[in-house]
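Below: a set of structures, written as structure tokens.
Common to both upcoming complexes is chain A, partnered first by chain B, then by chain C.
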Partner chain A sequence: MKRTGRFWVRGWTLAAWLAAASLLSGAWAPAARAAEKPIKIGFGMALTGGLAANGKAALLSMQIWADDVNAKGGLLGRKVELVVYDDQTKPAAVPAIYTKLLDVDKVNFVVSGYGTNLIAPAMPIVMERGLVFMGLFGLAVNEKFQYKSYFQIMPSGPSPMTDWSRGFFDIAAKQTPKPTTVALVGADAEFAINAVSGARQNAKKMGLKIVYDKTYPPATVDYTPIVRAIKATNPDVVFVGSYPPDSVGMVQAAHEVGLKPKLFGGGMVGLQYAAFLARLGPKLNGIVNYDFWVPEPTLNFPGIEAFLKKYQAKAAQAGVDPLGHYLPPWSYAYLEVLGQAITATKSTDQKKVADYIRSHEFTTIVGKVKFGSNGEWATSRVLQVQFQGIKDSKIDQFHKPGKRIVVYPEAWKSGNIQYPYSSAK
Partner chain B sequence: MFSELLVNAVAAGLLLGGFYAAVSLGLSIAFGLLDVVNIAHPVFVILGAYAAYVMNSRFGWDPVLAGLAFTPVFYLLGMAVYRVYYASFERKGEEALRGLVFFFGVMFIIEVLLLLQYGVDYRLVDAPYIGKSFQLGAVSIAYRLFVPFLGGLALAAAVYLFLGNTYFGRAIQGVSQDSLALRLMGADPIRIKTIAFGIAIATASLAGALLIIIGPVEPSIGREYIGRVFAIAVLGGMGSIGGTFAASLILGVVESLTSTFYGPSWSTAVSFGVLLLVLALRPAGLFGR
Partner chain C sequence: MRGRTLLGIAIAVVIGGYLTTRFVSHGYFYFASYVILQYIMLATAWNILGGYTGYVNFGSAAFFAVGAYTSIVLIKAFKAYFIFLALAGGLASALLGLGIGYLTLRLRGVFFSIATLALAVVLQTAVINWEYVGGARGIYILRARSMPFFSSYTEFLFFMMVLFAVLSVAAAWWIENSWVGRGLAAIRDNEEAAECMGVPTLRLKLFATTVSGFIMGLAGAPFPYYVTYVEPSSAFNLDYAVNSLAMPMIGGTTSWLGPLVGAVLLGAAQQIATVTISSAWNLLIVGVVLVAFVILAPEGIVGLALRLARRKGG
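And then the complex of A and B:
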């Protein structure tokens, strides 16, 4: 008995050694290796600070993507793991975050945080190491860098500055009576300045006379003096490039002052969020503003409904936008593109994946995505959406089609514009 | 047309100024009378805005009513903050720099607490008068700005009367001039200062309610007001309530006129230009002694 026992002990020791040796030499089944080495995707995201409302919503949808992928067995048989740090909406924090992700966390891929100001500071590091870089809502970031492995998911199009507001002015050009004058107003900050500058070019091209062209500081409290000055110039078209609190201030002031141009809106950020949609309610009627996705029948892409259901179920607990129509589908989609490219190339090689993304079209929950040579969408899909038929402040109405009608571009149009602005109810 | 624009711009400026007064009064007491550099004052205003938001969205309270109802809570909060500040810094004579850091800390803590509790979304309130306006001759006045103006005016009047006509009010003015003399007369300067600081923070409750009536609020929006409120407190003459009110109106009107006739992006620069000009001519501020 004793001898047998000793033999057994020796046998176990031997087996353990063999197992350890085979693990170390890598001669183990692929499934077991997957359990050890996930594919890590790292990024900084605005979880506090000015852009945190969107940053947190983006993170939630990225986690939903990771869960979806892992539920199907991961990528290349390996689990996907997201590594995220809070960039506090501070551009200065970004380089350190990406260096840490690459050197300490040893992530396989990096993607960008949310917004132009937080994408640009990561570019030098990414370029130096020749990495694929998926961008999330950067406006014309690559114009200066000209980096060929940068791909940006916001569908602003090949020339982002002018494509942003092209639809707004195309709509104006098609109306009778045709508008002849325009007022341009925007916040004194990067995105709004770019948006207004693009609008200026479009207005000039269309032959509109610019009767007001001013910026305002981001800390403005009262917008009625601005709106009153605009009203005094009696413009046919008013283009506004504004951030969320200013968008609310502008819309409220327009109603209080009685601003009634023929076309009003353009580049107002914030009018896509549930909180503002609900609070402004009927005051939004008639405004024509940019958007990227709305629940209209023309944009009902496969997978988007299922995604929104998952997102909305978790939104309240995460304290983010309950609708999730603006950014979340896109932060899901930019990881979808990366994931599909990794699967198709069967590789985590940066160059192979980048080449694949550059040369292929992707089917995502936001529709078909194809990138052009500068990493922006090959053709613009900035929608112009008109608010119509909003009668109260209930949020439920925005879940369904019929309140935010796509009036541009032709391919995605879901209804006709009510013109002029004052006739829309 | 021009005259109509001018009248409207002045009216809008006065309304805005009334609101600025509500936000600045507390600082004028703390900084002007007590010498406490409370840079966290705007964040107390944001806290007031959130109190109004919660009472409005949960229980349907009018924001102004909520602002008034929370005044005692803010008063106690202010007293507590001052006690900590006094025990940790002022008593040791370390208030200059470390006190400043303390209020920085208070600011961040309140911001983060609001962030954790209510998230980063912009919050708004509902009231029947928001979004409506009335006509006064050629001037159209939005209730959204008129109510904060009235609130600011009432608050300034109340503080002014309190400081001038009550025992505690006069004692607060006394402590700002000579706390040793006050002690010799048998009054406890620390107690007086605690009460005064409580009042300063109490004004933030109503000011916050007025702020959220004007527009959407998120936890870190208070930082945008730090420069403005200090400018008003200094421009008015440190600790002068009438001066603070006048300075608020002046800044409001200057901002509005610049915004209407010259370009809104210059409004802040012109306001601070006025501040520099006034300080060059009257270093103690408009109503300073």
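And then the complex of A and C:
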């Protein structure tokens, strides 16, 4: 009993010393800048569910951004802290997540999760409070909302639906012999339907005769009947709007059936991921497909190499796309835009930051970014990339230039198209 | 007397719901509560058929989505008032319940369950191909910025869900304590014996599917305003089917209190998990809890509590 009492006395003495020491150090610290509250940036991200593979890759690159910024002393002298919740790829979870971020966690800024379905449910909450809102890969989300503080980092351009496939049809128009017929095919789901409807408009504008125009259910397993039906119409151009599993299915079926249009590809999601590049290998040769960034010399923006180095070093451990060419640079860049605006305005005021983003150009790892009046990129930078000279399925070859040649737009062109498709195959 | 006490509690909950909107300004509270209230309705509705009558509905998501898409049609065509949307959503789902019940409930056993499972797939495919309601690309439904008597539309939605949830639980309570509930229980225990005793089994089963469908539709009708962007895979999400089955199983299927307790506990656990664990683990919650309850307490929480109380008393 006595010993316990002595221990208590010693405990109190120690506590008193500690308290005194901390008080003293506090008094001597120069205005304790580091102790200032961090700038919190909150968001929901798909860490489980259908979009988890991309969501996790996006989160990794966002953490790299936060580390980079904090290593340089943070924003406005305050550390940056990311607050993230898993939206499970469920739109219904989004409203609660964003209100939790704003009301309970009291974040300074919110940015969007990945994909149209998960951006849209956050919009009314953001609009009610007049917040600046950076979007990550949503297609034409702001068309209905018309919210002026929304900014989309995906470079679809001012008319997202048609800008997406404009390049593909521009390329077609310039070729000899000029194609005259087109087949449009897409999955029965949000992005694919939009991509195909944009392609339809572009095809009509170009005067192509549409010989096939159909959708297929997203859960389709065997694509050979679809490709056979397309082949039967003998189109010059085949535009595909598809999600990762179907993109692979379509490419494989096209090889099996011997589909030989003059131009093949367009809006196939998934052909940008390392896993699918390796899986399809030489079967990709000749396909012309959209992309946003590839390691070609024309797109070697300052900072991108350093970023990819950091990302790729951590990718294996995080279990995400080892190349990181598709989404990660953009999820880094949308925070870069926000960070630069905060620094330039020296403020965390939503209106000031939004006004700045609206009226300025930003230099990011994905190049110069300037937003138009609807929050989309002022000019489209959807690239059309042709797969060329792929000999095997090794992933290393995709780290370097020369395998995915930018053939559109002119400003970023890194090589010439091999036309028709069968000559590059 | 017991009925009156419960009526008093129900009225108090509704008034409490309204007063909450006066004093609580946290948006998070309303959105999280909305989800839980929605599950109270779905679980209660499921239990009227699954718990009282013994017919398992695997297609709750379809009934929920019919409510949601009925709303969308009315908003698009007539910009209809919220209360009409809710009633129409409920009625459309009720008709669907009646129809599916009429087609399958003459047969006993698993046919109804199989039909409900197929129903969800068929309806989802139909919606995917129906361009007017957005089809596969989905549709944006903008909610009003404000609402008379409420400081935001979210608060209004919350209050309406409180009201609907109270009405749903009251309906379940009435069914349980009336001759209808006794008839349904007779069907669950032994349908042939019930039929022999003069219980109008088909009519009662149809009544149960209709009421259950109505409540599920009513739960789905405000969904477009809650989420603002509806596309088939979110409206027909498997979560609705799984949760509306798991919640009564966990809470207890024999009384109106079971689904209520199950929905509040499981719904709250899911909401908390979303903002705390933040990993694939939160997906396991429903599965693990369900398996644990089926093994350890097949009568659910309410059944377990009653058993313990009885043991203590006697």
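Structure notes:
Note that in this section the second predicted complex is superposed on the first by the 390 of 425 C-alpha atoms of A that agree within 3 Å, B and C clash if a C-alpha of one lies under 4 Å from a C-alpha of the other, contacts with A are read in each partner's own complex, and residues count from 1 in each chain.
Methods note: a residue touches a chain if its C-beta (ideal position, glycine included) is under 8 Å from a C-beta of that chain, and two chains touch if they have at least 3 such contacts.
None of these values were measured; they are calculated from a predicted model.
Of the two partner chains placed by superposition, only chain B is touched by A:279; chain C is not. Shared-chain residue A:396: touches no atom of chain B or chain C. Shared-chain residue A:217: touches chain B and chain C both.
Of the two partner chains placed by superposition, A:361 touches none, neither chain B nor chain C.
By the touch criterion stated above, A:128 is placed in contact with chain C alone, chain B being left untouched. In the superposition on chain A, contact of A:244 is made with chain B only, not with chain C. In the superposed pair of complexes, A:255 makes contact with chain B only, with no contact to chain C. In the superposition on chain A, contact of A:188 is made with both chain B and chain C. When the shared chain is aligned, chain B and chain C each come close enough to touch A:48.
Taken together, the two structures place residues 48, 188, 215, 217-218 of chain A in contact with chain B in one case and with chain C in the other. Contact residues of chain B toward chain A in the complex are 1, 5, 8-9, 12-13, 15-16, 19, 115, 118-124, 126, 130-131, 133, 140, 142, 144-145, 214-216, 218, 220-221, 224-225, 228, 255-257, 259-261, 263-265, 267-268. Against chain C, the residues of chain A that register as touching in their complex are 47-48, 84-86, 88, 90-97, 99-100, 102-104, 116-117, 120-121, 123-125, 128, 144-145, 187-190, 192-194, 215, 217-218.
Considering their complex, residues 26-32, 35, 125, 128-129, 135-138, 140, 142-143, 145, 152, 223, 226-229, 231, 233-234, 237, 239, 271, 274-275, 278-280, 282-283 of chain C touch chain A. Residue ranges of chain A in contact with chain B, taken from their complex: 48-50, 52-53, 56, 188, 214-222, 224-226, 228-229, 232, 244-245, 248-249, 252-253, 255-258, 270, 273, 275-276, 279, 283, 319-321, 393.
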